[in-house]
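Just below sit the structures, each encoded as structure tokens.
Two complexes come next, and they have one chain in common, chain A, joined by chain B in the first and chain C in the second.
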Partner chain A sequence: MSSSPPDRRPMGRPVAPLLQAAPLALVLLLFFVFPLLATAVVSLWNYTEYSLVPDVTQRNYVEMFEGCSNLGEGLCTTFRTYLSTLRLCAMVWAFTTLFGFAISYFLAFHIRSDTMRMALFLVCTAPFLTSNVIRMISWLPLLGREGVVNQFLISTGVVDQPQDWLLFSDFSVVLAFVHLYTLFVTVPVFNSMMRIDRRLLEAAQDAGASGWQTLWHVVIPLTKPGLVIGSIFVIVLVMGDFVTIGVMGGQQIASIGKVIQVQMSYLQFPAAAAQAVVLLGLVLLVIAVMTRLIDIRREL
Partner chain B sequence: MTKRFGGAVAVDALDLKIPAGTYCCLLGPSGCGKTTSLRMLAGHERQSSGDILLNNSEISGLPPARRGTAMMFQSYALFPHLTCLDNVAFSLRMRGVLKAERHAKAREMLRLVELEALADRLPAQLSGGQQQRVALARALVTNPAALLLDEPLSALDPFLRGRVRAELKRFQRELGITFVHVTHSQDEALALADLVVLMKDGRIEQQGTPFEVFDAPRTAFAARFMGGHNVIRLPEGLIAVRTDRTRLLPPGAGAVPATIRDVEYTGTGYAVTLIGPGREEWTALVDEAALRARPLESGQAVGLGWDREDLRPLAED
Partner chain C sequence: MDTTLPTGRRRLLQGAAGIAAGLAAPAVHAQGAVTLRYVGTAVNQHAGIKEKVKEDLGITLEYIPVTSDDVVRRAVTQPNSLDILDAEYWMLKKIIPSGNLMGMDANRIKLVNEISTVFTKGEVAGKKIGDQGTAPIKVSYLPTKDGKTFATGQTQWLTLIPTTYNADTLGIRPDRVGRPIESWAELLNPEFKGKASILNIPSIGIMDAAMAVEAMGRHKYADKGNMTRAEIDLTMRVLTEAKRAGQFRAFWKDFNESVNLMASGETVIQSMWSPAVTAVRSRGIPCTYQPLKEGYRAWAAGFGLPKTLSGRKLDAAYDFINWFLSGWAGAFLNRQGYYSAVLSTAQKSMQPFEWDFWMMGKPAAQDIKAPDGTVMEKAGSVRDGGSFEARMGAVACWNAVMDENDYMVRKWNEFIAA
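So, the complex of A and B:
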């Protein structure tokens, strides 16, 4: 470069790029930053049975972890709730990942024609044309004591008593979650798989890799970004859920989302906000660890 | 061997014997079955009928890795998530060779292709020519008896292509193993091969040394595909004459009349484009001195002639 282009605005920075970025910045500010800040601020407020008191107090956080330092008497309520939520989350994550991966693998590598692949992919998304709640509630007549599944099991003689664990149990909650969220894993994983050059699979075969070795050493490493994105979806959705756990668990299973919802219904907004802040911190931590393991930006 | 896809015959009764240690080029236009033939050799396609023998043992029932062949894929198919070293060591890893041992072997292969310094790079961080050498090292690490190369130079820019081509030939000579190289470029085949196999529509059109195939095409297709020939229909039949052996004579002389359309300077001489009586397009290469002695311009009528021994009668298709 022998000469640099003349600088038309020697003083100050150009305005146009800032204006171009302004609409999105405004939207994010209004719908993302502001609610988060409001939650954080309210979590420091005080409250009585009938009023919110603007304040800067640690009361909500202190009450949340009351008795948690004393492990001798067993886990405190908050820890037990988190543990229950994390356990559900882990089960749902394991199943959605397994099914999502298997479905994507089938679509990406076993279906040869593009038309067929797109058709089957659309079939996968078809249930999403109905609402979450309806898809969830439609499990109830299937799984209940007098439900279709129990009737079938009794009539075929597999069991002689109606099975209670089918509904309002961990089983039904995980089942509903897996049903609702498997697609959230399938889509990013499918996307990752479709980007894999088919010649890599032949190259692996040429190098003497068995089917499982190809899967483990080639397909899974190259699908990791999709798996991480899918996992983030599932973890975020399950950790914050209260409807599915409430309906499918018969309001018997503890979850953080449920706790927040109950506090909201008693107008204990500051306490709910404090719970939300802690939950947000935990989920962000999980995501931070996962994105540290795999660079998903490379894929986006 | 024969390969059918549904009703379509991709490779029709291919009968080819490649002596050990030969650099063999399967040459032909796209869709002629050359890649399918290579993939059958590699074991990525199963032949519909026929046998494949390597060192006199039947390999057509064996999986790719047990055939004693190694394949170098078009655009190389390097594993993007593995370093060069791990790419080269991949097949050893699949066999359960311990890390220290397989890395030592892989390093040795990378040294052979002069890429040892880049062992820890990912494929995306390498140039096209370097990727090609990693692919070569990966293919060679299993000591194959035959290396199968699918359009190995097509992913490179023209400048690199020439250099890498020379490298391939050098490796083949030094290693002394059989190379089977699929290409659609006759330049590549002529420059590299000991044995050129020209294919068309799933059949072998002609095979021989590069000189034999270029200098004495058997058919009009071979003459046109190899280039450098004028295909001319004479009363006694179809013939080919090399463009550099085609002489321009005064009108009325020679075997066929033609009209000059263009005279192009090529640096080493002139390429004269000619139009025949039936609108055929021919070329004659004329050296500078001859052109200066007898200037030519477009529109001029000439006669084409050649020496008796330069005439190559062609089989009718």
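So, the complex of A and C:
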């Protein structure tokens, strides 16, 4: 690159920064903004068994919320599906946050040597070198009716009947998700914790704070950005999932991702696009609220 | 499966065979070998068939295995991305109106008059079989080469040339059920609470459910493959009640899931596909493909050609299809428990004891082996459901796309959410 002074346009704005930002802007435009717009546009189209009909129709949205205004007959499918997805999401979020925080806390504050800390951190990431499908499916032979866990429970006399709730249930779905996604919380929280000035902890101790008080008034406020980033990962991943919920839930648990997948497989692209737009809106709303509560950019 | 090494060697052999064939038949190979892009579910895409086609015709098949949903999607949205479509007959109700398939000229199919009467007349051994749903007889012919609707009688223009078909029923674990199972109603019998399963593919799942509903005497459908909205509501209501009562352990979506559910003892009765039953049995676990008194839900697949196909590729495609009907492939498929389109030629390519076991329902005179040499059935065993006539003759309905498909899919999503 030549080091000549940047060209100045008549308005006096430098061109070079714009050019430097252009490649990323183009990539985002092409692979992010454009597909998103296309999804939004297609969600207004009509469709038949075998074709998409470019049109402006509210059909997809109307059918999605059909019967939703009438709460007397119980919740409509869409609300029930969202409720089921949100419920799973909340449980997974609670557990991943708890475990992610605990693991990070242990790594950041209880391990003294840097080498040991990095070694243990790498151990945490090791399972992620295998495919997430494999990590999920390996639970099946463990939790099944004739699986390892049930055999153990029966042989030790803890229960006398195989426990069916271990598999194809909310329990197994949440278990698999927690297993899959705890690392996504651990990493950003660990990062936040490592940036905490240790002198603050000493100061808290000197000022007479108990361990819990230090945790609550010093550590947690300072790890909030990590917690929020981790939460965003988990919420986005769980809200859009259909594979894990499908496999671990025995296809019996409703999720928005599954609804979209079924519609896609029946060539109902506009209906699927409408679902995707609503899902996107909801997830963005959740993220907006979270970032409103904590200004990630300021805290970083 | 470990195929790395054999594939390498096979490629080499293929190459050598290609060169040898090229020398022997310059007419075919003068312009370079023809490659046909073959889109379909993996059901018929066997390496054995590919090798034999290369050897016999010099045509290279490029297998593109996709899910059955993607077969439809490809045919409707990207017909230029394939040369041969291996589709199921029910898909035609979606594909033909798009105008992307050509009517195949019966005059170019040598054995067209030998194709099983299941397709040409809707009969088995002179007896009408069930035609509820998208029965092949309803969608086999087009009025003209470019037709976008179906012809009512036989014409010169065929939509698909059949490859495989079969009759599906429930799979059971006889060791766990412990008593004879004779009716589809058992699928929803509370006795098997938490131990039953159906497939989470709406259009097929609802038909299995309909077989059960009808067997329970709750409703008599005019056409289980084309329900009215009220019938869809009723069927889904029965299913939802069963689901809420905990009847189903899980729903399955693909072949392996169905095998694992059954083999691991999670389920003892479920809708199943024939090779999945074989897969469970090959693990040494008893599993029966139980014939039921209400009959079978059948399916059929066949080759279609995209309208854009022309010239040498078109000729090659017809050559391939004619080869497919000429016996070797038919025998290959019959040995896996499917049925082939032209049975007379397949019979000539099979050992008499194989034919007796697979097609006649007689006890196996000697061990029945899979193409890879493993024993599938021991000498003396009998095929579940018996002979071709007994099985295909008892078909009650066919895999289908309903007129109310949109509504049905919405109701199915509702059922999953219930």
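As a working rule, the second predicted complex is superposed on the first by the 283 of 300 C-alpha atoms of A that agree within 3 Å, B and C clash if a C-alpha of one lies under 4 Å from a C-alpha of the other, contacts with A are read in each partner's own complex, and residues count from 1 in each chain.
Here is the rule we use: a contact is a pair of C-beta atoms (placed from the backbone, for glycine too) under 8 Å apart; a residue touches a chain by one contact, two chains touch by 3 or more.
Computed from a prediction, not measured in an experiment: that's the story for all the values here.
Asker: Overlay done on chain A, so just call it for chain B and chain C: clash or fit.
Answerer: On the shared chain A, the partners fit.
Asker: What is the C-alpha-centre angle with chain A at the apex and chain B, chain C at the ends, nearest 10 degrees?
Answerer: Value: 150 degrees, nearest 10.
Asker: I'd like to know which partner A:Ala209 touches here: chain B for first, chain C for second, both or neither.
Answerer: Once the two structures are laid over each other on A, A:Ala209 reaches chain B alone.
Asker: Does the superposition put A:Arg199 against chain B (first), chain C (second), both, or neither?
Answerer: Only chain B; A:Arg199 stays clear of chain C.
Asker: Which partner does A:Asp55 contact after superposing on A: first (chain B), second (chain C), both, neither?
Answerer: Neither: A:Asp55 stays clear of chain B and chain C.
Asker: Look at A:Gln251 in the shared chain and tell me whether it touches chain B only, chain C only, both, or neither; answer first, second, both or neither.
Answerer: Only chain C; A:Gln251 stays clear of chain B.
Asker: Is A:Arg145 touching the first partner chain B, the second partner chain C, both, or neither of them?
Answerer: second
Asker: Can you tell me whether chain B or chain C touches more residues on chain A?
Answerer: Touching more residues of chain A than the other partner does is C.
Asker: Once both complexes sit on top of each other, what is the least C-alpha distance from chain B to chain C, rounded to whole angstrom?
Answerer: 45
Asker: Chain A residues touched by both chain B and chain C?
Answerer: none
Asker: Spell out the part of chain B that touches chain A in their complex, as residue ranges.
Answerer: Within the complex, chain B contacts chain A at residues 42, 44, 63-66, 70-71, 73-75, 77-81, 90-91, 93-95, 138, 142.
Asker: Could you pull out which chain C residues touch chain A in their complex?
Answerer: Touching chain A: residues 67, 69, 72-73, 76, 93-95, 97-98, 194, 200, 202, 243, 248-253, 257, 260, 264-266, 401, 405-406, 409-410, 412-414, 416-418 of chain C.
Asker: What part of chain A is in contact with chain B in the complex they form?
Answerer: Going by the criterion above, the answer is residues 197, 199-200, 202-210, 213, 217-218, 221-222.
Asker: In the complex, go through chain A and note every residue touching chain C.
Answerer: Those residues of chain A that touch chain C are 49-51, 63, 77, 80-81, 84, 140-141, 144-147, 164, 167-168, 246-247, 249-254, 258-259, 262-268.
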